[in-house]
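The following blocks contain the structures, represented as structure tokens.
First chain A sits with chain B, and in the next complex the same chain sits with chain C.
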Partner chain A sequence: MKIKIKHQEKVRKAQIQIQEMAFVLVGLFLLFAFAFLGFAAWQTSLMKQQATSLRLEKATVMINSLISMPELACSKQLGYCIDEDKLVLFKSYIDKYELLFKSARINYIAVKRIFPKIEDSVECNSDNYPNCNLHVLYNKQDEDTIIHSSFAVLCHYDMFTGNRCDIAEVLVGIKPET
Partner chain B sequence: MYKQKQKNAQMPAFGWLFSVIIGAFILFFAFLFVFRFTHIAEQQEQAVTTTSLDILLEPFASSIATGQSDIITLPRNSKLEIDCSYSDFDFGKNIVKYSTTGQFRFSKVVRDKYIFARPIQKRNILVVVLPFEMPFRIADLTLLIGHDYCFVGLPERYKDLLQELTETNADAANIRLEFFSDVNDCSEDSIKVCKDNLNCDVSFTCADGCSYGTISYGNNDKQYLWYGNLLLAAAFSEPELYECNANRLLKRAKLIASIYKTEASMLSSKGCSSISGLSSQLDRYITQLNNIDISDTSTSSFASLHDTAKTIDHINGFALCKIY
Partner chain C sequence: MKIKNKAKMDKSKHKAKHTRKAQQEIFGFVIIVMLILVIAVIFFGLALQRAINNPTYEQYQKANDLLFVMMHYTTDCKNKELSRVIELCISGDTCKIEGNEISACDYMRDVFSEILNVTLGNETQLLNRPIHGYWFRINDGELLNISAGNLSGNIAVGYYVVPLTEGSVTAELWLYY
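Up next is the complex of A and B:
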């Protein structure tokens, strides 16, 4: 009888030890799982940050490439700037460049004169420029479009003063990759 | 007693069933892992390739500016080929095809670049970006160099330009560019590009101080016209690719000329009288471009185009309101 009780006690003790170990194992598993989830979340946010800065960098290079297109660029004499006289004319040729812009996921291009400042927003055309502040070259933007901007010098020929230059913001809308 | 026996008889059947189910699970996950791993490896290879070819593939963005060179390092000893297509409705396109296995599994369309190359099977490729002006800037020419070249009788200005651009990167890419006056001095395994010598791999002729001329390829009966830096583009390219890209460039030139023509008239009406003759010259330039066939054997069409280009450059150079 005594032996039987001793045996039962041993079995119970062993069961408790097994349970303890199971709890420790579950606890350890949960600890590692949470640590891994935390690390993964930190890595994801880091990657997102890197992707955003890379996208921004690429957009800036893209805007600079657009500005230096021979269709828009100033003469060598003036250097790195947008020729507003060309800009006005380029609008009527934009359909020929549509595939080119589409391949670069560009769906919005505009040049906004920011200095000298004009109070109201006046869209430019061949009759009212340079007394206006917004040249919309290409507009096929949708709700996903991310607009990037960069600053540039915007010059035009003035019969009294020769070449006159203003400061402009170049806005380029890019459809993000899916 | 009977029940116990029946239970014992059922036990091995359950054991087998359990083993089969677990085995199926293990096999399923093993196959899933292998499939995923292969898929990820493929995606990784494609991502590495895309990054390596960023100079060529990224639209409106290039890590190398005009008049510079760089090296593309591909992941393995790879095969790279450039195709071109051209239509009357758009600016045409280049198709960059890449492979490590022999079959071209990776290809991407590039619309804003003009890439000139021969099929390349090499890890390090030299990339040179040159401006193409006729007489105003039309576009940048992207030359991919993956072979050794020997130039015989190349005019000084092209030689200097090429030497200046490639002096540091050619050695790093393990590519030899030689310049001689006699074809016998060339290395045996190099592609020979010679002036007025049809026995070379590529042969070119010059007109008006080597401003333009014709070019022919050893294995091809056709002759093609070149203008300015297009000589170098043609030398590093395959004939079909050169013809297609040159046509794309001429189309772009026509469009730019139309914009400049309208601008010249507009500025002239705004009081910039010094530019008044430019509009008619650009009109002439467009007509001449329409009559040019890049695979024409006669240089007469380019001769008149070159004269008009010189006149345009002269008028623009002296104008108060320069267009380019």
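Up next is the complex of A and C:
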């Protein structure tokens, strides 16, 4: 009888110990699971930041390439300079570059003179040039388009003052990759 | 009687031993939990620190672009570029603007201030955040030192070396966003 009771006590003790072990293991598992979830969330936000940064970098490079095109760039000046006279002519044969813009996912290109400031936005055409401030070269933007901008010098030849350069903003609309 | 007491004492000793062991196990479990919590707190603290934005290519590019375009803007001062007006300022020259003679340095300050106020309006952004302040200086502030807005937060800096007939000066533009 005594031996039986002792044996039963031993079994109960063992069962309790196994139960304790199971609780400890479950608790540890939950802790590690939460830690892993937190790490995964942090990594995801880091990747999103990097994606945004890369997208902006790509857009800046694209704008600089556009400004440096010989069809638009100033002949004498190096750097971010657009020849406004070339720009006006470029509009007439921009459709030949449609394939290039599509492959680069560009669906909007405009050059806006921002200094000296003109209050109203006046789109340039052959009648009002150079007394205008907005050249829209290409416009096929949709709701997904993200507009990126960069500063550039906008120069044109004035018969009284010679070469005159103003400050402009180059606006490029890019469709993000899905 | 003695045997009964001894049995009772053995039983209570046994119980105390059990209780002590259980307490030790709980204590061990609590230590593990605390260690994991401490590691997690350190981990998230480091993650939060790294989340502070470091300047990137696009941020510097905007400041450098703006400096470049400002320096090549054609002014009404003898139809010279703004970078040439800096040279006029150094030589103590004047500008004739709408029939009035004004100091080249004063004209230079006015034009730079006007350009920065117009170009860095609410629409200009860096990393989808509006620029809320700027600090612009030429030659460490000796020639020109202008600032506006809230000069705190993240900074993007641009530099431009203005070549002169003799030597050069450096222009710095600090954009706060």
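Operating definition for what follows: the second predicted complex is superposed on the first by the 174 of 178 C-alpha atoms of A that agree within 3 Å, B and C clash if a C-alpha of one lies under 4 Å from a C-alpha of the other, contacts with A are read in each partner's own complex, and residues count from 1 in each chain.
Here is the rule we go by: contacts are C-beta pairs under 8 Å (C-beta built on N, C-alpha and C of every residue); 3 or more make two chains touch, one makes a residue touch a chain.
Predicted, not measured: the structure shown is a model, and the values here were computed from it.
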Combined model on chain A: chain C and chain B, fit or clash: fit
First (chain B), second (chain C), both or neither touched by A:Asn131: neither
Partner chain in contact with A:Asn163 - chain B first, chain C second, else both or neither: both
Contacts of A:Gln19 with chain B and chain C, given as first, second, both or neither: neither
Once both complexes are placed on the shared chain, angle at chain A toward chain B and chain C, C-alpha, multiple of 10 degrees: 120
Partner chain in contact with A:Ile106 - chain B first, chain C second, else both or neither: first
Partner chain(s) touched by A:Met62 [first = chain B, second = chain C, both, neither]: first
Partner chain(s) touched by A:Gly79 [first = chain B, second = chain C, both, neither]: second
Minimum C-alpha separation between chain B and chain C after superposing on chain A, in Å: 13
Common interface positions of chain A, toward chain B and toward chain C: 77, 162-163
In the complex with chain B, residue positions of chain A that touch it: 58, 61-62, 65-66, 70-71, 73, 75-78, 83, 85-86, 89-90, 93, 96-97, 99-100, 103-104, 106, 126, 157, 159, 162-163
Chain C contact footprint on chain A (complex, rising order): 20, 24, 27-28, 31-32, 35, 38-39, 42, 45-46, 52-53, 56-57, 59-60, 77, 79-81, 114-115, 117, 150-153, 161-168
Chain B to chain A touching residues, read off their complex: 58-62, 90-91, 109-112, 136-139, 255-256, 258-259, 262-263, 266-267, 270-272, 316, 320-324
For the chain C and chain A complex, residues of the former touching the latter: 25, 29, 32-33, 36, 39-40, 43-44, 47, 50-51, 56-58, 61-62, 65-66, 68-70, 72-74, 79, 81, 114-115, 118-119, 127
